[in-house]
Each structure stands twice: as structure tokens, then as C-alpha cells.
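Consider the two complexes below, in which chain A is the common component and chain B and chain C are the respective partners.
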Partner chain A sequence: MKYILYQLKRSPLAILGIAILLFWIFLAIFGPSLTPFTHTEMDSLHQMAAPGVNNHVLGTDSLGRDLLTRIIVGSRSILTVALLTSIASTFFGIIVGFSAGYFGGAIDRAVLRMLDIMMAIPPLVLAMVVLGVLGGSSIMSLSLIVSIAFIPATARVSRGSLLTCKSSEYVDAARIRGESHLYIMFVEILPNTIGPIIVEATARFAYSIMMVASLGFLGVGLQPPTPDWGMMVIENRPIITDAPWAVFYPALAIASLVISISLFSDFVSKVLIHEQ
Partner chain B sequence: MNILKTFMRRLGSLIVTLVVMSVVIFVLVEIMPGDVAEMILGQSATPESLEALREARGLNDPIYQRYARWAGGILQGDLGESIYMRGVAINSILWRRVGHSVLLAFTAFIIFVPLSIFFGVLAGVKAKKLTDSIISFFGLATMALPEFVSGVFLIGLFAVQLRVFPIVSIIPIGESIFSNLNILILPALSITFVMFGYISRMQRSSMILVLNSDYIRAATLKGMPYKYVIFRHALKNALLPTITIIGMNMGWLFGGLIVVETLFAFPGMGSLLMTAIRTRDVPLIEACVLLITAIFAISTLVTDMLYGLLNPRIRYQGDAQ
Partner chain C sequence: MNSNILEIQDLNVNFSIFGGMISAVRNVDLTLAKNESIGVIGESGCGKSTLSYTIMKYIAPNGQISGSIKFKGEDLLQKSEYEMRKYRGDRIAMVYQNPYSSLNPSLTIGFQLDEVTLFHRGVSRKEARELSLQALRDLNLGDPEGLVRRYPHQISGGMQQRICIAMAILCQPDLMILDEPTTALDVTTEAVILDTISELREKFSMSLMYISHDTGVINKVSDRIVVMYSGEVVETGPKQQIFEHPNHPYTRALINCIPRKGMVKERYRLNTIPGYVKRRGASEGGCPFEQRCQKKTPGCVEAYGMREISPEHTAACDRAYATDVPDMMDKLIKSHPVKSMPDGDALLEVQDVHKIFGKKRKVYAVDGVSVSVKRRSVLGIVGESGCGKTTLGQTAAGLYTPTKGQILFDGTDISVSWKKRSPEMLKQIQLIFQNPGRSLNPSHSVEQIIGRPMKKLMEISSAQQRRDMIIDLLKKVDLSKEYLKKKPPQLSGGEQQRVAIARAFSISPNLLICDEPTSALDVSVQSSVLNLLGDLQEDTQAAYLFISHDLHVINYISDYIMVMYLGRICEYGKRDEVIRPPYHPYTKALLSSVPEIDPSLEVGNIRLGGQLPNPTKTIPGCPFAGRCYVQAGKICETTKPPRVNKSDSHFFYCHLDDGA
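Up next is the complex of A and B:
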């Protein structure tokens, strides 16, 4: 703990990142009750209103909907999906990567082969086609499909970190004691390899935000009326010359959130890798 | 000799990958909700005419027969017909779009590769100094931005404020892309932003690693000019990991192309795939995704082979075995 505080004092960028991240989490939880508008309400007298007009702090879009409210409500869904995705993809990665690395041999080869094939298609293209084909994404289906698209990456990290301590004495000791494979994998090995996996999971969180925002931008993310940051950018794209704020503020929201998580993730990796 | 053997083995696994992917793509798209016959004839079609069309197009055949017919067509260079565009051969739309995308990717490539290597080397040489901090933070920030976010800021600056580049990348009807090259710049810069972070970061760390090695210290102690040491000795070795990273990011580049093309309404392969998904155009989705997979797989193979050729350690190791 002391070490974390010591490192934190030495890295102003990490403090900035954590502050922005906390700001967004605060807004996602309490924000909707702080604004006088709802995210679907159309102010027909103030369409494409500039920031500040008629209590619209960040202005309105072409339908007269309050941008600040939409961004705040949108932060809930993007944070939820990204959190679920990073947890689920790390979990799937551990299951796949650990079983491949632990048992080795034919299982390992088969799993690696399968991951290679999955990697033959860029994750964004994979998620986009599947979501587009299925249609009507919900928070659950979006998280599930993006996590599946991330499995090749997370499974490799888990497999790699399992291999580094598979031949340690304590693993042999457990095996001689007659512990089950599951016990050895999750009680003996997992706690010792958790560092790189946590680093990967926080980086995955940032990737998830990028991916979910991009999918929303491509129109295969969460469906209206749920406001989605990526979708807000593309739906206001035609009015970029008349109401640039309607495009820039959602874009800025995405940018600040992803950068803050990247800074946070860099800090986590610095702390965890030095501790070992 | 050995490289040839590795190449053949990799080529074999590439073909297996493509075959498996083609099955996956086909099955995935075929289970899509919605009836192709109804999409062609419209909502008002009679059940008899729908049934006749299904029969004529072989839609009632079992799925493996349809797959065989589709795959057979592809092997003969026939990608089928688009449904949304009323039976136009996919071959006649797709390749023009692919040409545009390749040109866009190439433009981005010749911007981001030298740029990120240069700044990566600079950051590596000036490690832990102000120059390094600025470059590294800029790289981290741009790397974190999805292409459409940096693209939107670029549009805001160069198209809305300064008006030096067009807001959308549309080619006027009857003109070719070569008479409209200015539409390439903003999309290419959006891709550059994302790639810059990854590549310059890699270049920086490999440069630092090389600069700390014994032979560089020896060269410096011998009294060689500093510039000569950096460019002749260090850079040559520090480039290798960068090449791998460039190859590995090809997948991101393709994903990025789709996003960027959608943002700028650029008439490339990515926006064609988006249209195909939006209009549920089954044969067109299949053709686009298969093509992206193939290009991606081939570029990975080329990177790996290039890495083997350039790295003497791997080359000689291979020969010794």
C-alpha cells in the first residue's frame, strides 16, 4: 500500500488518469439525477442550440436533445459493457489459456491452432459482422460477442503466465499431495500469476471502450433510444459544420475515458511488475 | 532452402485457415434472420412466386450443397451477385472499392511508417528527457483514440476551420480517384494517429535496448561519430521488432479502414461491407469478409517471412537445423 502511494506521488499522469476515471464513474452513477433533462426529451424550440443556450450546458443535437444528458446516460452503458467485457474476456482467457498450457501436448496444439484461426479475422470485423447479422444488440449480447472476439489475446497472456510457473516446486508438491487439476490450476497457480493477468485486464478495459465506441459508431452497438457515444458521433456527423459541438463533445468523452484508463493501466503495470 | 520449407508449411496452414474461415463465415451469414427470396421480391410477393424463386436459386437445398456451390464459384473467381443492388455481379463492384481501400491504406502506410520510426528513434535516443516525454505521451494519447475520434478532430481543424481538405471523401460521379487525391489525406491521417502510438512506442523501447548493448558501447568508445553509430549500427538492429509490430497491427489497420471509410463516406471496401451489413446483403457480406480475412492472413505471412529473411539469427538457426 505504501509502495502504491509512493509510486502514485511520482507519476502525475497516473493521478490525472485516475481522477478522470473517477469523474466518469461519479457521473455515471449520480449524473442522470443532476440534469434537468431526460436523454430522449426533444426541445423543439432549441434544435442545434449552442452550448449554454436555454440551460443546455453542452448544447443540443439536430432533434433538440440535450447533449450533456445524453453523454451522461451514455457513460452508464459504455462503462457497464466495457467492464463486463474485460471481466468476461479475462475469465474466458484464463479458462482457455490455463487448460491449454496446463495439459499441454495435443490439447495445447489444438487450442493454439483454433486461436490462430480466430485471429485470422480482425476482432472489430468479427464483432461487427456477428452483431450486424444478429441485429438488435443488448448490453449482454454486445459484451458477450466482444469478449469472444478478445479471447485469442487474453488466452495467450494467461497461457504464457501459467507456463512461467508451471514447473515450480509448489506445483510439483501439490501434484504429489494428490490435489486435483482444478485445485492446482486455480488455487496454486492462479494467485501466483495474477499480476500480468490483472495488467492485461485493465488494458483490455481500455480496448473494450474503444471497441464498443467503434461498434456504436458503425451502428451495430446498442440500439436507440439508448444513447451511445459512438453512435452520437456518426448521427451528428452531417451537422458538423452547423453544430460542431454535437460531434466534438461525444468524441471528447470517448477520448478522455480511454486515455484515462490507459494511464491507469500503465500505472497498474508499473506497480505490479515492480512488486514481483 | 529452409526458408522455402517454412514458407510452404505456413502457406499450407494459411490455406487451412481460409477454408475453415469460409465455412464459419458462410454458416454465420446463412443463419441470419430474414428470407433472401422475400428481400429480392419485396413484402408484397405471393407465396408461389417466393417459392419459385427459392427453387430457382437453390435456396431450398441443404446447407452443405449451397456451401459447395458458393465455394466452387469463388475458386473460379465468381463471387456471386449482390441482392441489394439487384443482381449486379459482386466482381464488378468489389474490386474498384478494394482498389480505393488499398490506395488509402498505402497512403496511410507511407505517412505513418517513416513518421513513427523517426519519432520512436528520437524518443529512444533522448530517453527520459523532455523530448521523450512529449513524444511518448502523444503516442499514448493517439493510440488510445479510436480512428473516428481523431478523425472527427481532424475534420474539425482541417475541413471546418481551415477548409483545406474536403469534409467528406466522395468521388464525383464519372471521375476517378486519381483526380481527387486530396480526399485521401484526412482519412489517411486518422489511421496514422492510431498507428503512430504503437509503432513509435515499439521503436523507442527496442532502440533503448540496442543502445544499451555492448557492441554499441564498443562502437562509441572506438570514437565513431554518434550519428554514424545511431544510424548504421543501432537502427539496423532496432528495426526488427518494429517490423513485427507493423505486421501485427495490420488487423487493426483493416478494422480501422472500415471505421475511417464510414466516417468520411470514402468509397472503399470497408464502407461497402457496412452497406452490405445494413442492407443484409448476404452474398456481399460473405465476399467482403472472406476477402478481408485473406488479405489479413497474407499480410501476416509476408511479415513473418520478411522477419525471418531480415534477422540473421533466425536465418542461420534455420539453416543449422
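Up next is the complex of A and C:
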């Protein structure tokens, strides 16, 4: 703990990242009650209003909806999907990667080839096709699809860090006292590989925000009226010359969240690598 | 103008790390004359390597240096980084511990050698190659033309280290710093390299600074000895005086830690230095050795300071033989020999065991070994790396299954892997690994580590009962119950190995396989671990299969010794039979390679050239024939040597009836 604070003091970028991240989490939880508007409310007198006009802090879009409110409400869904996705993809990644790496041989080769096939399809395309077939997506289906698309990456990281620990002598020691495979995998090896896996999970958090925003941009993200940052960017693109803020602020929201998480992830890896 | 190559005055090196400033080197004064060779000894963490890197002015950016390092009259600490390049590798050369990480694996040896003269001498490529070949010839390496075309991974570790030495002498430096150059190598290779270094020193009249934790090696290569403790020089003087009459208690304790020729467990305990080298903050002063010193009295810390013992000999303390404190060393001699040679029936029987790795390209790791470990006895297995001793141990422990042959434990066939062994059998055989840092799970607490085998194999389900037993065990291995909650990374190497030993004994095994349990440890810790293993063996009457490359250690702990070479037995017998003539030529070569610390002892002069033959080929004759110095003739190459029985318990495999 002391060490974390020590490192934190020496990395201003990490402080910045954590501050932005906390800011977004705070907004997602308390934000909706702080704005006088709802995300579907149309202020017909103030369409494409500039920031500041009639209490619209960030202005309005072409239908006169308050941009700040829509961004705040949109942060809820995007953070939920990202959190679910990073947890689920890490969880499945550990199971797939550990069983491949631990048993090795034919199982390893089969799993690796399968992951290769999955990786050959760009995750965005995969998600688009599946979501397109399903026709519309909820938070759950979106999280599920994105986590499946991320499994190859998390599985490879889990497998790699398992392999570095697998040949350790404490694993041999566990074997010759007759421990089961599950015990060796999850009690002996997992705690020692958790560092890189957590780092990967935080990185996946950032990627999934990008992915959800991209899917929204391509029109297969969350369905209206749920505000979606990527969708907001594409919706307001036609009015970019008249009301640039309607595109700029959602884009800024995406960028700031992704960058803050990346900075946070770098910091996590710095601290965890020291611990090992 | 004096003749000193190196004059270090009042050198301090501090590092700023998390938690404040720590002092790595402090108040070091040192001079090195032309052609002189000094040896720097001390445990790990005493600042030996930092000192050598500081001379090269090559330390991490968080380090601060003060004082002066005069090299041929010029202060290196005043030089800019650009000017230092002219010294590094040219006037001052360095050889590091791990040759395989100091050579670039993707460049040929010739290229890496040429670079030195291309940079420092500005010669043409052709001249550079000529100089490189000359350097290889100076080291008496066969076929230099072939060697320069190869890559580092294609040659053995000993050869790689000789390439590093060749690289160091290319510019004929005035000073060569060797940082534990032979620690990672086998004794036989070490002996050859030490000879080479001495020859080169005469040839090029270089000054040497040799850093090692091994007093035997230092004794062999240096004229003067510098003893470092916790960043300070605590004693310095001529070799003879330091070894025969050390003044600092640390020097005396350190020298006595090493099991010497003829020390056996029945008669002696090894000296130990309790505790370990603590890192010191930059502001802490006083006697660094105070906490571990057995000779301290009230007031001795105030008297601490460098003093001259004789013109050449200075020490920070002269209480090594102080009589006002009872001398612990006297207690080390056991007054009554503990027991006679155990001569029971066999507990573990290895019958013609073969272990072949790989399917297409076969590696014959163990090639037909039959041996038995008798009840309550210690069988020591010794040999160079690659001789199959570890594979044999791990096969007995169940990590591998033998390709051919049988292993019987107490009459039960256990030539199956751990998966098929009964819990009772798993409980009977325990394994202690070489590197305790890797054999203890870094994420588990000491209590979990020791408690798990009890829960699993003895089915003690009450946590409280287990905890009481663990505390008892910790007491036996000299650890207090505060250690229960600690995790391995918080422990020192010696403490880790004690925990590993406690884990092995937690389920009272009958056979303990110790795979080089002390070779990753400092000498002071090695001696305490050996004492502990000896005591526990007396108490529990367990049998040991003790694997080591160190003949002194094997000689100290074993009742029976087996010498292995290339997966086969060379010689087997009771301890005293093996280490005295007649012996197998290989045993004799091993014995004469071990560096001795007693300057008065006669040193053997058999040097093994070459390296282990390729283990992927079957050898029709004697495996040792290629390196043997007393051959019986053609027969050695063509026919397997017969077993020569010297007594009921002693035999070796050689065509010569009397061996060497």
C-alpha cells in the first residue's frame, strides 16, 4: 500500500488517469440527478444550441436534446458493458488459456488453432455480424459478444503467464504430494500469474469502450433511446458544421475515458511488476 | 610516480530507493599494485559487485558516488562518460559471472571479439580478426579459426567464459576485474579457467581484481585478500596471513564455514554465522558486523575502526581470537563420534534404471544405474552438471518414470510416476530442491506451505493441530513462530531453504532426496543448512539421497558416495573408500579440481580438458575415455569397462584394475 502511494507520487500521468476515471465513475453514479434535463427530453426551442444556452451546459443536438445529460446517461451503459466485458473475457480467458497451457500437447494445439481462427476474424466484424443477425442489442448481449471477441487475447496472456510458472519447482513439489490438477492450476499457479492477467483485464476495459463506441458508431450498438456515445457521434455528424460541439463532446468523452483507463492500466502494471 | 595501478580512497556509493538511501559501498580504501592480484571475498550483498562496477563507473542512475578512484594516477570519477569509454574494455576489462548472458547469442564469436579492437584500436577488419585469433591462441583454445565462426550457444559454458576472457585481454588491459567468473561453472572447468587466468596474468603482466564468495578460488588466484562486509572493507592483507591468522571475527567465521578436506559430520559441526547481511541506510554507522558477531563485548563497537596489524595487514577489528568471550568454534568439534557407519538393508533400490528423453533425438540422461540407499544412511551423488544426477533423483521422487529398469522402495515397485503412487508412498519420499526461491510458492504463507502436505498426506484436518505442529517444526529449523504468516519473498535464501526443509520433514518421510540444497546459498548459510540436515538425520533416522556437485559437501554429509559420469556410475563405495586411492580416474580428477583454502595443502594438478561427450550418442566404450589421462589403450574406446571390486562395498568401472 505504501509502495503504491510512493509510485503514485512519482507518476503524474497515473494521477491524471485515475482522476479522470473517478470523475466518470462519479458522473455515471450521481450525474443524472445533477442535470435538470432527461436524456430523451427535446427542447424544441433550442435545437443545436451552443454550449451555455438555456442551461444546456454542453449545448444540444439537432433534436434539442441536452448533450451533457445524454453523455452522462451514456456513460452508465458504456461503463457497465466495459466492466462486464473485461470480467467475463478475463474469466473465460483464464479457463481456456490455463487448460491449454497446463495440459499441453494435443489439447494445447487444438485450443491454439481455435483461437487463431477466432483471431483471424477482426473482433469488430465478428461483433457486427452477430449483432446484426440478432438485430439490436441489449447491455447483456453486447457484453457477451464483445467478451467472446476478446477471449483469444486474454486466453493467450493467461496461457503465457501460466507457462512461465508451470515449470517452477513449487509445481513439482505440489505434484509429488499428489495434488489434483485443479488445485495446482488455481491454488498454486493462479496467484502467481495474476499480475499480468489483471493488467490485461484493465487493458481490455479500455478496448471494450473503444469497441462499444465503434459498434454504436456503426449502428449496431445499444438501441435508441438509450444514449450511446458512438451513436451520438454518427447521429450528429451531418450537423458537424453548424453544431460541432454535438460531435466533439461525445468524442471527447470516449477519448478521455479510454486514455484515462490506459494510463491507469500502465500504472497497475508498474506496481504489479514490482511486486513480482 | 608510484607503481600502483589502482588507488581507491574513501569511496562511498549510495543508492536512493523506495524507503530512503541505502549504502552499498562505504569508506573503501584500496590500492592495487602493478602485477598484483587481489581477491575480494564476502557474502552476497556485501557490495563486492557494486565496487567493481563503480571502478568502471557504470552504476544505475539512482546511485551516488563520492571519493576518488585513481587509475594510473588519473581520477576516473572526474572523467566524462565519453572519456570513460577509452578505459572500459581497453585499459580496464571485466569478466562477468554468466558467460551466456554476457555474450550476444545472435552474433558470431569472431564478430564479438573483433568489435573490441575495431573500436578501441581503430584497426581494419582483417587486422582485428588476426588479433582475435591471436587472443584465442593465447588462451590455448583449440581450433580458433573454427571457433570464430560459431555462435555462443554452440559451445559449452566453460568455453564461453574463456571467450569472455579472451575478449577482456584483447587490448592487453592494465587491470582485469573478474566478477565471480567461475561460480556458474563446474569444478573441473573452474580449475582449467583458474589456471588460464594465472598464466595470462604472467604473460601480460596485468593486475587482477578477483571477486568471489568462494575462499578456495580466491586462495588459488590472488596474492592479497580484501574481505568486505556490508559495503565496508573489514580486513585486508596477504593471503597467508588472512587464512592462517585472521583478525576480524567475520573473516575467521567465513573461512571456517566451508567444509574442508577431511571434515566429516561424525566429528565436526560446521561453523555458522547467524543472521544475514542487512542492508544499511546511508546514515547508519558503527560496526556493521555487530549483530552477527560472536566475539562482541560491551565497548567493542566504540573501538571499531581500521587499524594496522602489520605493515601489509589491516583490519577493522582484532577480536577474532579474543579470549574474553568463550570461543564458539571449540564447540564445533563433536567430542564423541556419533555413530558408526550404518550398514542396514536397502531402503531404496535402483535397478538398472535408464532414462531417455526425446523420441527422435534421444538423450541418454541416465544410462543403466543400479544403486541402493541403505536405511538411515546418506548416499551422496556427485558429478559434473549433465551427468544425470538430478534426473536420477527426480526419477526416484516420481517426477519422471524410468524408461527401463525398476525402482524399489522398501520392496514396493515405485517405478511409476507420482500420479500412480499411493498417498502413503508419496509421504515416504520427499524432495528438497536446489533453489528455495523457486520451490516455495511465493504467494503462499509459510503456514500454508508447511501445512498443506500435512493436510493432504497425513489427513490432519484440524487447523489448530496443524499450527501447533508447524510451530514445533519451525523451532526445529531455528525459525520462530513469527514466520507463520510471512511469505517466501520476505525471507532470505537461508530462511527459505529452512522452510523447504521443514515442509519436507512435516510428514516424517523415510527418504529425503536433496537436490543440490545448498548450492544456491552463501557459504555461511550453506554450513547452517548442512548442520541442520545432519541433525535432522540423526533425530529422524531418515535416509538421504544427497545430490551435489561439491565434493567437500558430499564428503561432509555422506556415508556412501556415488560418482556419476554421463548417466553411468563411475565409482561407488563407503565415503572413505571413495575419497582415498585407489580410485576411478574421474574421481581423482574431481578431487584435484576442488580449490582448497588451506594454503599448506598440496594441490592436485589433474586438469580435465574438453567437455562431456554428446549425450545423444551411445558410447561403445568407457564414457570417460575421451577426457581420460590414464588410458589402458584402444580398449577404452571400444569396450565397456568392467566392474572392478575393491572391497565388499567399493567398486568402480575401469579397464585399469587399480584405477588412477
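Here is the rule we use: the second predicted complex is superposed on the first by the 276 of 276 C-alpha atoms of A that agree within 3 Å, B and C clash if a C-alpha of one lies under 4 Å from a C-alpha of the other, contacts with A are read in each partner's own complex, and residues count from 1 in each chain.
As a working rule, contacts are C-beta pairs under 8 Å (C-beta built on N, C-alpha and C of every residue); 3 or more make two chains touch, one makes a residue touch a chain.
These figures come from a predicted structure and were not determined experimentally.
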item	value
Partner chain(s) touched by A:R177 [first = chain B, second = chain C, both, neither]	second
Larger contact residue set on chain A - chain B or chain C	B
Touched partner set for A:E169, first chain B, second chain C, both or neither	second
Chain B versus chain C as contact partner of A:P191, first or second or both or neither	second
Which of chain B and chain C A:L5 touches, first, second, both or neither	neither
Which of chain B and chain C A:S262 touches, first, second, both or neither	first
First (chain B), second (chain C), both or neither touched by A:A106	neither
Contact residues common to both interfaces of chain A (with chain B and with chain C)	none
Residue numbers on chain B that touch chain A, as the complex places them	13, 17-18, 20-21, 25, 28-29, 31-33, 137, 140-141, 143-149, 152-153, 155-156, 160, 167, 251-252, 254-256, 258-259, 262-263, 273-274, 277-278, 285, 289, 292-293, 296-297
Of chain A, residues touching chain B in the complex	13, 116-117, 119-125, 128-130, 132-135, 206, 210, 213-214, 217-220, 230, 233-234, 237, 240-241, 244, 247-248, 251, 254-255, 258-259, 261-263, 266
Contacting residues of chain C [partner chain A, same complex]	18, 394, 397-399, 418, 421, 423, 426, 429-431, 433-435, 438-444, 452-453, 456-457, 503
Chain A residues within the chain C interface of the complex	3, 6, 168-170, 172-173, 175-179, 188, 191-192, 276
